[in-house]
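The structures come next, written out as structure tokens.
Here come two complexes built around subunit A, the first alongside subunit B, the second alongside subunit C.
Take a look at the complex of A and B:
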């Protein structure tokens, strides 16, 4: 039987101590969504350096001296950028896993264990992020 | 009966599109991260390598579809998050059209970038 449940205004962060697992999932999904959409705009802006690079001479492109290659290489040399990329991975993985959880719940699958699947999303996000650190940091030093 | 708290209209087209793009993005975002961080590495990126991938029409089409679905899913998500925060009236209309404009700029810029790599003269 369906149960009516008034959770109140979830955006009232002052109530965070009262938040249940599902409410945390909602908050995290929104937060990671904001980060990802912000990154999408930044990502396209950085990749747009390929537009002037396309007009550069073949020898310059071959040597990797074009503006696109140089922009990416310079950014990837910064340790801060590598750390931010690990953060981005964590954010993306959580959004993917929790998003899968939400799609399944929308289809009526796993509603009774939605809190457990949220905890599983968190643990799996942590494990994948930690396991990815060596790959993301490689070549930064 | 359980109450609904989603800001999406029940059974609405936007609700369905948000879910369909989500299902697509789960797979393509994971593929994108895997290919560009684990198969290739971020510090090995070069114009010619990116260009080589984009000259394959299947990869180009996938990336264009990725751009379109990610923009829709992200911007529609932001719009609905703002409605949850209480956005309404004239402000809602202004924000809606600002987000639509931002999406158009992002998509145009994404297309130009993809074309520059693919060697398509339209950029």
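Take a look at the complex of A and C:
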């Protein structure tokens, strides 16, 4: 294969207005993927610091005084955490739907309507997110 | 509308100084005078033309990327504005040619057949890769921005360096090869109708490099074969007449590190292809072929 010579590196994201559906799908998929990876590590960090709860007496667990329950309750009291949870759901749903879309593309199904399936996954993500808001935000105020 | 750089205005005095040091003959002086007057006339005509075009209602505004590494005043890339009278059915290439012939003969761009067959005039028009001779002015929003294809080095104005693209095309061995020759010496190598249908779209490629330029992956990974080259590989890998061992060889080329697996299905290439080749579909099919080829159940 030929040796490289500089073609002025990577995409110019300054022209994002001109990006088409497929490009947006790719950007969102990358973005949501990284967010999910980031969340996974925070999740592990939070849970592992709450692990001493496992060694607690049954009575303490029952009363809800253990570190695990305390951590979760404190977190859930914060409005920011509630809002972030809605965001997390949106990110995960989009990643799942677009992942399914990519799976179909890899199988060679519906390549002509790839832009429509992207819009569909966006709309579905929006709908599910909006529907989840009452559940997540309830009692936060 | 002057597209001349200020530096060039000094030329007549320089030329005069030169003739002074030599022995100025009458003929030289006359010719110099004639040249000067011709230049004056041309400048006047250009100015008139520009004025008329600007005053005319049915003109289009063209913003063209300009760059010339050989002229000092043009080394900094800039945009020149041209007003071109609109005629029905005018393409971007027509407008560029009008601008070149009327206003600035140094405006440089590639074109040849003007009917979307030669693939020389792929450009970046209003933010997408287009074939200038196939793009109607009436379908574009004004002012029309014409730039050289992105992700390639610019040689001059709208001309880009195509060598890298050609190298990638050649890397997939874009020619028919086979070890299975027919028995009779004069017998033809016939292709079935179904097989011809299968590769039909992939044979349409005109090597314009619009897809390569639109590909985000090819921009970041210079060794990536790119959509056009993979499409070429598809055209031959799917040709049944080439036989099994040649197909193996072709799959080895396309499934290497910078081959089909770089494609992340952004569909940019499929969207810009002026010949409507379903490039992503072909790349995806080659991916599946490569997997099937390497999967063994025993």
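Methods note: the second predicted complex is superposed on the first by the 127 of 141 C-alpha atoms of A that agree within 3 Å, B and C clash if a C-alpha of one lies under 4 Å from a C-alpha of the other, contacts with A are read in each partner's own complex, and residues count from 1 in each chain.
Everything below uses one rule, namely that a residue touches a chain if its C-beta (ideal position, glycine included) is under 8 Å from a C-beta of that chain, and two chains touch if they have at least 3 such contacts.
Treat the numbers as computed from the prediction; the structure is a model and nothing was measured.
S.K.: By the touch definition at the top of the document, which applies to A:139: first (subunit B), second (subunit C), both, or neither?
M.R.: The first partner, subunit B, only.
S.K.: According to the stated criteria, A:131 is in contact with first (subunit B), second (subunit C), both, or neither; which is it?
M.R.: Neither subunit B nor subunit C is touched by A:131.
S.K.: Going by the contact rule stated at the top, is it subunit B or subunit C that touches a larger number of residues on subunit A?
M.R.: Looking at subunit B versus subunit C, the one contacting more residues of subunit A is B.
S.K.: Regarding the shared-chain residue A:18, is it in contact with subunit B (first), subunit C (second), both, or neither?
M.R.: second
S.K.: Regarding the shared-chain residue A:41, is it in contact with subunit B (first), subunit C (second), both, or neither?
M.R.: Touch status of A:41: first partner only.
S.K.: Which of the two partners, first being subunit B and second being subunit C, lies in contact with A:96: first, second, both, or neither?
M.R.: The first partner, subunit B, only.
S.K.: Go through the superposed model and pick first if A:80 touches only subunit B, second if only subunit C, both, or neither.
M.R.: In the superposition, A:80 contacts neither subunit B nor subunit C.
S.K.: Touch test for A:50: subunit B only (first), subunit C only (second), both, or neither?
M.R.: A:50 sits against subunit B, while subunit C stays out of touch.
S.K.: Could you give the residue numbers on subunit A that contact subunit B in one complex and subunit C in the other?
M.R.: 2, 4-7, 10-11, 102, 106
S.K.: In their complex, what parts of subunit B are in touch with subunit A?
M.R.: Those in contact with subunit A are residues 1-3, 5, 19, 22-23, 25-26, 29-30, 33, 37-38, 41-43, 45-48, 50, 67, 70-71, 74-75, 77-78, 81, 84-85, 102, 106, 109-110, 112-113, 116-117, 119, 123.
S.K.: Would you tell me which residues of subunit C are touching subunit A in their complex?
M.R.: By the definition above, subunit C touches subunit A via 127-128, 150-153, 164, 167-168, 171, 216, 219-220, 222-223, 225, 256, 258, 264-268, 270-271, 278, 280-281, 284-285, 287-288.
S.K.: Of all residues in subunit A, which touch subunit C in the complex?
M.R.: These residues of subunit A touch subunit C: 1-2, 4-12, 15, 17-18, 20-23, 25-26, 102, 105-108, 111-112, 114-115.
S.K.: State the interface residues of subunit A toward subunit B in the complex, per the touch definition above.
M.R.: Touching subunit B: residues 2-7, 10-11, 30, 33-34, 36-37, 40-41, 44-45, 47-48, 50-51, 53-54, 61-62, 64, 66, 68-69, 72-73, 76-77, 85, 89, 92, 96, 99-100, 102-103, 106, 132, 135-136, 138-140 of subunit A.
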